[in-house]
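Per-chain numbering from 1; labels A, B, C and D assigned in written order.
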Amino acid sequence: MGNSFGTLFRISTWGESHGGGIGVVIDGCPPRLPLDVKEIQFELDRRRPGQSEITTPRKESDTAEIVSGLYEGKTLGTPIAIYVPNGDHRPSAYAEMKDTFRPSHADFTYQSKFGIRNHEGGGRSSARETAMRVAAGAIARKYLLGQGIVIRGYMSQLGPIEIPFKSWDAVADNAFFSADPDKVPQLEAYMDQLRRDQNSVGAKITVVAEGVPPGLGEPVFDRLDAELAYALMSINAVKGVEIGAGFASVAQLGTEHRDELTPEGFTSNNAGGVLGGISSGQPIVAHLALKPTSSITTPGRSIDVNGNPVDVITKGRHDPCVGIRATPIAEAMMAMVLMDHLLRHRAQNADVTVTTPILGQL
Amino acid sequence: MGNSFGTLFRISTWGESHGGGIGVVIDGCPPRLPLDVKEIQFELDRRRPGQSEITTPRKESDTAEIVSGLYEGKTLGTPIAIYVPNGDHRPSAYAEMKDTFRPSHADFTYQSKFGIRNHEGGGRSSARETAMRVAAGAIARKYLLGQGIVIRGYMSQLGPIEIPFKSWDAVADNAFFSADPDKVPQLEAYMDQLRRDQNSVGAKITVVAEGVPPGLGEPVFDRLDAELAYALMSINAVKGVEIGAGFASVAQLGTEHRDELTPEGFTSNNAGGVLGGISSGQPIVAHLALKPTSSITTPGRSIDVNGNPVDVITKGRHDPCVGIRATPIAEAMMAMVLMDHLLRHRAQNADVTVTTPILGQL
Amino acid sequence: MGNSFGTLFRISTWGESHGGGIGVVIDGCPPRLPLDVKEIQFELDRRRPGQSEITTPRKESDTAEIVSGLYEGKTLGTPIAIYVPNGDHRPSAYAEMKDTFRPSHADFTYQSKFGIRNHEGGGRSSARETAMRVAAGAIARKYLLGQGIVIRGYMSQLGPIEIPFKSWDAVADNAFFSADPDKVPQLEAYMDQLRRDQNSVGAKITVVAEGVPPGLGEPVFDRLDAELAYALMSINAVKGVEIGAGFASVAQLGTEHRDELTPEGFTSNNAGGVLGGISSGQPIVAHLALKPTSSITTPGRSIDVNGNPVDVITKGRHDPCVGIRATPIAEAMMAMVLMDHLLRHRAQNADVTVTTPILGQL
Amino acid sequence: MGNSFGTLFRISTWGESHGGGIGVVIDGCPPRLPLDVKEIQFELDRRRPGQSEITTPRKESDTAEIVSGLYEGKTLGTPIAIYVPNGDHRPSAYAEMKDTFRPSHADFTYQSKFGIRNHEGGGRSSARETAMRVAAGAIARKYLLGQGIVIRGYMSQLGPIEIPFKSWDAVADNAFFSADPDKVPQLEAYMDQLRRDQNSVGAKITVVAEGVPPGLGEPVFDRLDAELAYALMSINAVKGVEIGAGFASVAQLGTEHRDELTPEGFTSNNAGGVLGGISSGQPIVAHLALKPTSSITTPGRSIDVNGNPVDVITKGRHDPCVGIRATPIAEAMMAMVLMDHLLRHRAQNADVTVTTPILGQL
């Protein structure tokens, strides 16, 4: 039951890292949306590893096929199924995982829960599953774009290095999703050293949605911020989520934190675009913290399936920073949350005449 | 649709701050659980304002009545309805809210969404709704306690003041839910000054569940940590959620972050008790950031319903730090997430023989 | 979990026959719908027993109170809670039920499921619960009426007596909900004899929705007819549901059953207004079969809680035909299904330009 | 959203009749269930057309592939994805459907709802989708069998010909799923004549589950009988569902209908194994009515997409009685409802000690 996401725009992902393939079924997409598989592939390629020296040399073909829900280039309103057969299959690389629980991985907990696991490449717990979120998110993004909503993300910190926001234009030009082109050499040098040290590091990603109309969200539990927290925390390796000022709010005074309203718009955005669980019309801003890659070649202590102590080295081909490829995933999750709430809002409130003044954009 | 929470242990809350009352319906509670309304009242009283100088002088009677689902002191397995009639009703105190959107409140967004709002005391957006979460959470906590699971929280930071954990015993003895009794005078002095300054401040709360067996949670979207993030972010004023090391993970190296396993147990708990979305048997640890109370008497700029600029002073009786009363709410939300996942796990895996070694507790 | 109904217009009912009261929470109702408690009371009174000689002399006050979700006579878009305190309480009348499983009642199965039950008046299994469906349905009916959708029902068979449809106007003028005023004396005579015989009988109800636009429903599982079947079968004592020609379809030829289309409209309505799970624009027609009242004073064999054989006479005050009061309940359930699908359709297809020709009404 | 079924054992189907293929994702299956694709293929072959003279000569290969969720022959507890690529593809046979709404088909309503449709072979509305229900149902059936629950169905009426139940053994030996071998020649003669007449006819199917323990189901809305009605009515062409005595209950007296209890068991089964929405331990019995095949070669009146009158002959290769292949589908739907309620019951009541006497089997 835990493999579906969303209420009205609802996706169900399936597949293991090294099984027959991975896929996603998207139910509830509005009909007659023009869609080309290339639009999905474009987003998949942004997430794909093996593209630069800083990510894993593992080649994942990730070639998506749309096997249902399209007719003459438009969505039918019925389920869209996307299928990516598994390519570069090397289970022998994972043989020793069979009897050992790798530290900071899901091996121990999957075995505890199910009494069985596919140990090859992490099976269902592999980050490969997130490719299907990106594929489904590409459809949500396209629909939202037609409504004037733009969703973009960037890496705002790599290990100890904070990366300031300079320009959206810079993001696509480097493998780090850095919005500051001048930081890229420093980031590359840091990663080189990390690889030599056989270590890994965490990262912080920032995602922003602009053009979101006021009114999306729900009052109490399914608040827009609560659903974003759920969506972003469900990404592999994420350990924290902030909306707007986030943890900085703890030390803020009320006079500092509150975003004042003027006829020209809000004067600041500590709220991150959400008040009382509902979008305010300001940009939605979320930050997420990703832990360091668990798979490193520096040996660590663990136990085997019989409870005996062992030393573990995770072979295989892994990113030294999983956060580097997380930006497109975070964008996809935010897109799907907004898409879902756009539909939910429309269902209940389609015949509401908006009675709030239209604010300028400061 | 957004007023229900949980999949199998499912609650629906209703009511406005100043309407006929507030209530909650709990569906899916196991039958034959001995339950006394006093056990619910005990938790409600922990959350209740008006109990000390540091919280709002507003008296909320919050007297709960169980109107269905109990028979001869035991749960029936059918819906438990809890009802708290509203008492201390002073709508005149809120008259000026009618035409003004208070900064950092949900006034503007509710009006945008619904084209109508009950402005008295915030209506549905009032923190009064959280009393019903605490009431429902009391039942989850009792059931979990019978399974050996203990859930406790404390305030870990008030504005700029970090509050170290010293002892669970200290928490009940002060109005701050401080686990360090020696910090209390400093906290009191800080709050006194804040009140004199007509200002408010944020806070950080930490919640811990001990005795959680390995295996609770779901692999992909409904991960235990994702559902905790959703649950905790849905509490009024929360702007950030962390599991385990949280945002500190960003700057950690893989060798630092990973919790090694030994036959005696895990050597650390950066994971916060969750790996791959599933509980590991370690304590579940979550932190949440709450923004400063929005209702302060220092004037702020805003607009009225016609879009004209106005100055706003929020009268009424408000806590200078909403975080102070958030500990029981956070405990309740964590309890309901764990309760729900206990039932979900049992449904799918009741006939699984656990095959992981039993770890010692370091 | 089984006490909620609907996806977007979602109700949760609670309460036992002889507990503190019964209630319902309605989530997802569009905002700014003018609503008066009298509109709800009007429908409740149509279902209420004790109004004529042919139904139970038991008086149920059924006085509804709206305790949340309304503001200045309009819905807020947040949960509407309705509460009916229990009145005429005579648990002593039910004392002997405590240790006996009454035939054709839920006593045995509730005890099997939960290991506990409130035996007084059937507890949660009492038809009293359906009052809350009628209350919630009244809101759905009002909203649908504003969209031009009218929902009406009548009794089409009482025991062996078929009751032809003559006029909607007749229905409100007799206690049987007969659409043929000339049949009423025969029905009264039949009921008199039944009471003298200390027996009960079944009934068939027909419900019709007119003005439903084409396009409501879902393709595969949540078909409009499937959800109607679910909704109507969930009413106490219902044993069968038909859409359109229903079981008569079994012996029909394809040439007989198919409803031909002409520019002036469909030539017949064997489909009952639903094709492929989606409304066609024709009237939605459903029939439901209700079993005879289980509570009769003719002794029957049963067992007690220890498994010993006993003779059971159900005392208390019961309708000799539960079907008589079922018409408003069936109307309410149909209203809520249509309301839910109206919102679901709007969510996904609000921006669809309808491309089917507009058919005339034959 | 309407393409998923079930709460805890949850399936999502996708695919059109003549697209890239059809598939199903099954979430929530207990782990470590031994499973072989042959077990799924066995059930698919029972539903497959083209196997005898009485069904469509269209060959559907329906070769299932399990692409995720299995490891070394056992279920992993994570999603099981089954994929059936489309084979015998003849879209030209359907060219004329493009601009015409066939009577008694979903063409008109899909176009109304979505403003677009895949007209080839009915697209998503094709009965081909039910193959995926049968595939998923095969897994539920296997699990239930391990719990002692056996689900079987048979055709109980073909057009005007009632088919008495004689023996389960007979069912597999004839293409009609007749439980009376002596009726088969009459059924064959009837079908021959029907084909010569270029006509079609309806059918009635009966499905029975034996070995269901008491206690499965939910009290109010998600009653076992209500969910069966939903499940069975969601099958293409079904127009009516009965539980136990069904519509015969209308004319029954209370003394006739009630199933008395004795220490040896119930004396009859008018209830069809469900009391108050919960299983009683008796066999669960459901009947369903299927309308005649809509696709017949006798011309019928309809309109084209511009609203002009046209005569329609449905070419293509179709069963003269869709009911003939419905038995395995109905079995699959009943299996999934029971599977889901087994898990739901276990979640809430796993620690209940059953306190009802164990009844003998009369």
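Here is the rule we go by: a residue touches a chain if its C-beta (ideal position, glycine included) is under 8 Å from a C-beta of that chain, and two chains touch if they have at least 3 such contacts.
All values reported here derive from a predicted model rather than from experimental measurement.
A.B. asks: Applying the document's contact definition, name the chain pair with more C-beta pairs in contact, C-D or B-C.
C.D. replies: Looking at C-D and B-C side by side, C-D shows more C-beta contacts.
A.B. asks: What is the distance in Å between the mean C-alpha positions of chain A and chain C?
C.D. replies: 45
A.B. asks: Find the geometric centre of each of chain B and chain C from their Cα atoms only, then give the gap between the two centres in Å, rounded to an integer.
C.D. replies: Their C-alpha centroids are separated by 39 Å.
A.B. asks: Using mean CA coordinates as chain centres, what's the gap between chain C and chain D in Å?
C.D. replies: 26
A.B. asks: Would you give the residues of chain B that are in contact with at least 2 other chains, written as numbers and ranges?
C.D. replies: Chain B, residues with two or more chain partners: 1-4, 7-8, 13, 28, 31-32, 77-78, 113-116, 124, 219-220, 344, 348-349, 352.
A.B. asks: Can the chain contact pattern be summarised as a line, a ring, a star, a complete graph, or none of these (other)?
C.D. replies: complete
A.B. asks: Can you list the chain C residues touching chain A in their complex?
C.D. replies: Where chain C meets chain A, its residues are 8, 28-32, 77-78, 219-220, 343-344, 346-352.
A.B. asks: In the complex formed with chain B, which residues of chain C make contact?
C.D. replies: Residues 1-4, 7-8, 10, 12-16, 19-23, 25, 27-28, 31-32, 65-71, 74, 76-81, 83, 113-118, 123-124 of chain C touch chain B in their complex.
A.B. asks: Which residues of chain D touch chain C once you look at their complex with the stated criterion?
C.D. replies: Interface residues on the chain D side: 1-5, 7, 13, 101, 103-106, 108-116, 124-125, 129, 157, 159-160, 199-204, 214-223, 225-234, 236, 238-263, 267, 270-272, 274-281, 289-294, 296, 298, 300-303, 305-309, 320, 323, 344-345, 348-349, 352-359.
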